[in-house]
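Look for subunit A in each of the two complexes below; its partner is subunit B in the first and subunit C in the second.
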Partner chain A sequence: MNLKTKNATATLGLPLLAITAVVPLVVKDAYTLHSLTMIIYFAYMASAWNFVCGYVGQMSLGHSVFAGVSGYVTVLLFTGTGLSPWGGMLLGGCMAAVLSTFIGYPTFKLKGPYFTLTTIAFAEIVRIWLENTDEFMGIPLKGAQGLVVPPSPLGWQVFQFDGKVAYYYIALALLIVMLAATIALERSRLGYYLKAIRGDRNGAEALGINPTRYSLVALSISAFMTGLGGAFYAQFFRYINPERNMGLDLSIDTAIMSIVGGQGTVLGPVLGALILHPLAELTRSYLGGRFLGLHLIIYGVVLIVAVLYFPKGVIVPLERWLQRSGKSKR
Partner chain B sequence: MSRKILEVKSISKRFGGLQAVSNLSFDIAEGEILGLLGPNGAGKTTAFNLIAGFFQADEGEIKFEGKQIRGMLPYQICRAGIARTFQLSKPFGGLSALENIMVGAFAREKSRPAARDEACAVLDFLGMADKADIDANDLTAFDKRKLELGRALATRPRLLLMDEVVAGATPSEAGEMVDLVKRVRNRGVTILIVEHVMKVIMGLSDRVIVMEQGQLIANGVPAEVVRMPSVLKAYFGEGYVSGGEYVSASA
Partner chain C sequence: MDPIILMYAIINGVLLGGIYGGVALGLSLIFGVLRVINFAHGSFLMLAMYASYALWTAFGIHPYAGVLVTVPLLFAFGYFTQAVIIAPLFKRETALVVEPLGALLLTTGVFLVIDNGVLMTFGPDVRSVSTEFASGSISVMSLPINIPRLIGCLSALLIAVGLAYWLRHTDTGRSIRATAQNRDAAALSGIHVGKVYNITFGIGAAILGVFGALLVPFLSITPTTGLSFGIKSFLVVVLGGIGSIPGSLLGGILLGVFESVASQFVTATSASVFSFCLFIAVLLVRPNGLLGRK
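Entry: the complex of A and B
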């Protein structure tokens, strides 16, 4: 990361972080807190997607499978063995990472749309199988019906809290870890290698880079992080089903937020979530009842405008503006 | 006679019905600049890609410093000590000139500060120190070409394969590049250079080999090779072989 972008990331990110950290002290309304938590959750998921796809330049539309698998692992271990969801979350993340290498090894050899189509196929196969399987080797998966997280005495141990504030801060902590990982990536050999693979795969190979290996490392980290997010989501709603936690919608949402905000940057995905999730929420709540489907049309129009005018993401003109105003002050 | 750094023995490569390289053998001595010549479609670039690992030879042996490298993948060949440049240089967009070279330097240096120091030294060597922070995509075509050479050099190769280094360059740029290649050799790097521009090859190479239709047809000192009838025939056709005047015109 060169000095200029580092400054822009700091001038944009630090105030945003400070505001986000104090919001629950001011805002007490449960609905607002819930919505804000969802924005943070999506910012986290988009950042996790960006960690591999944004930097290596391959678009996965199957990331939801990592969230779903990890969510199911967490809930099933809690109901089956009583394992704390915190442990389940880590185990689920690891399972997602292992799964990702199985998916990534054959697919990273493919380019462009073929890679994307294969990731969709993998995720959809798992989702459809899960929707139609009530029991697998004695494990009650309950098909399309989904699983409910059984209520227990509240507390950290069981990842169940009164009100929304605790969930808000957990999501925020996840996001901070994710952004720190992305900043570390930007400064590491891996980050340079991924950008080189994105720029020119053959050129990268000629410089001693094994593209599949480094893409897989990034993918497994991304899948692990996406898995943590999936487990969080399951705990937050205390309910999980294949459609919501593993569906194509989730994959597309995270990808689009990252692309609109600016893929391959630290704060782009956060910005994307900050713009698109409230937009989707507001249009749905104000227009969803009266004009069926109108909220999707508006969402679609905003997407088209964003991609047309900011093809590299909204973050790009914003950072340029910040740099310019930073310079004029000096 | 100095040690052979690369030995190519009877390699062949077939693409469907086309025998691109057939039974090609040659070697390169340590510290040498070897020019690889041939008319369009002679199989130069294929031979080049076979050595660099981008294509796999159907048969034959390729030995680098005595070790078999045939069957190795491009990134393994780079790690073994062979770097290459491409006919069309595509810098890694979104990275500055310095960062592009750092990607190459990471092949030998694991830490970022060490890679950065190495890349700075390479930029100095190229005379591009003032362009370190420019996005590589915004460089001129010739600077992109030099940058690509720098990326390859940063991997600290002992053998450098260069594909058409002066394609599209102005005469003064070509002169600068020739100079640069000589300085690279003076750093102890052996060079195999594929080139169309006769003037460049003549001024640069210690020795040239000529390919036609996948086969080696000449091997020798540049001034002698361009007078060989087989070479003239390959370049200009049957009718020109008898007349000696065209030789001086082309050289």
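Entry: the complex of A and C
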């Protein structure tokens, strides 16, 4: 990470962070807070996706499976054994990380579109299986119907709160951890390895970097983080089902946000979520019932425009503009 | 298992598989020439199906006659998609900015726009065209054979042969093959590469115009029909080897038989899990397809 982009990350990120931290003190409306929490959640998921895909330069459209598996583990452990969702979340994340190693080991040998299609296939296998399985080895999965988080006395231990503020801050904390991890990645050996693999896979291999191994390390961290997000989502909505928590839509949403914002950068995915999710919320709340799927049309158009005109993400021209205005002030 | 039921499942699988192969032809052609994986392939098919449905409900035109409309429509659609949306990427690529995933992302965008555009216009309801001969069948050796499926499978064969002949013996076909082999050399010998790309994309989509009309009589349509057919087409193309016309048909028939026989033992949804497993296995073991060259 060179000094220029570091400055840009700081000048862009710190004020944004300060604003986000005080918003709940001003905004009391539950719907607005809910929408803001969803923006933070998507920023987090896009950043987790970016952690491996953005830096290795391979596009996974199967990340939703990590969120889904972890969400199911959390809810099932809570209903089955009474384990606190916090513990379930960590266990779920670990499960997602293990699963990601199994998926990633054979898949990282494939390149470009082949990699993408295989990740879709893996995620679809798990989703279709779950959708059609009511019970597995005595565990009630309830198929397409989904699972409901049973109501219990509110409190920290059970991850259930009155109002939206607590969820908002949990999502924000997750996002901060994710961004810190990304900044650490940028400066670490692993980050340089990943960028080398993205730049020239064969060249990196010739220098003694094992592409599959380091991609797998990044993938398992990314899957763990995505898993935490999936568990959070399950607790936030108190309901999960295979379609919403594991479907292709979730994978595509997070990937698009990351790509539009700028993959392989710290703040790109956040910016992408900040641009795209409000569009989705607005179309849904104002036009929702009448125009089904309109927000996805907008996503599609934004994606096409971004790939054609901002191939490195919207963050690049923004950072350049910030630098220029910073210079002219001096 | 009863051999007659198994026989019936295999015949049905071959018929449906032939159609899968035919649907995948365009995907294979486009990849072979442009090196672009069209993620919106299934959406194009779904669009063709809705077009024939609309023709049937609005004007009472039989889907088979509607081909006269759907084929030019889909050709124009494919041509437009390439010329307006994907071509700028190729122009940038000549300036040596290599972006292998760029085209996949663009077609993902097209997929989102088409699928949700149709969802917005027609709603999520399942629709179907009921023609009198949809359930008609002839019997061969006491096994019933569904006529619309038979027609679909034979058309796939016919289109594959026609496409291969056309690519081999016409000027446009030759320039398409030349461009597929070496884009720069083709450009140097006076072939307008951009135009060849547009035409190839158009033809790849136009084939779906035929199959949209052929599928409608026996398959109900929803806005998500496209994605499932799209994923099946990737599977077919990977099985048969990307860019190969006979490979596409063979891959289709293999998948069709596999699905049809597997669904005799397990439920149809679990069978689709198995076809995904097949897809992953083939990609990992033989990434160039069963007929593909190394």
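Note that the second predicted complex is superposed on the first by the 320 of 330 C-alpha atoms of A that agree within 3 Å, B and C clash if a C-alpha of one lies under 4 Å from a C-alpha of the other, contacts with A are read in each partner's own complex, and residues count from 1 in each chain.
One rule holds in what follows: a residue touches a chain if its C-beta (ideal position, glycine included) is under 8 Å from a C-beta of that chain, and two chains touch if they have at least 3 such contacts.
Just so it is clear, the model here is predicted, and its values are computed rather than measured.
Once both complexes are superposed on subunit A, the partners subunit B and subunit C fit side by side without clashing.
Legend: residue contacts after superposition of the two complexes on their common chain; A:I19 is shown touching neither subunit B nor subunit C. Legend: residue contacts after superposition of the two complexes on their common chain; A:A30 is shown touching neither subunit B nor subunit C.
Number of subunit A residues touched is higher for C, counting subunit B against subunit C. In the superposition on chain A, contact of A:I125 is made with subunit C only, not with subunit B.
Shared-chain residue A:E205: touches subunit B; no touch with subunit C.
In the superposition on chain A, contact of A:A180 is made with neither subunit B nor subunit C.
In this overlay, which is a superposition and not a single complex, subunit B and subunit C have their closest Cα atoms 10 Å apart. Within subunit A, not a single residue is touched by subunit B in the first complex and by subunit C in the second.
If you check the complex, the residues on subunit C that touch subunit A are 37, 85, 88-89, 92, 97, 99-102, 104-106, 108-113, 115-117, 119-120, 123-124, 223, 227, 231, 234, 238, 267, 269-270, 272-273, 276-277, 279-280, 283-284, 287. Residue ranges of subunit A in contact with subunit C, taken from their complex: 57, 59, 106, 109-114, 116-118, 120-122, 124-125, 128-129, 131-132, 248, 252, 256, 259, 291-294, 296-297, 299-301, 303-304, 307-308, 311. On the subunit B side of its complex with subunit A, the touching residues are 52, 54, 73-75, 78-79, 83-84, 86, 90-96, 99, 102-104, 106-107, 110, 112, 115, 133, 148, 151-152, 154-155. Across the complex, subunit B is touched by residues 2, 187-189, 192-193, 195-196, 198-200, 202-211, 264 of subunit A.
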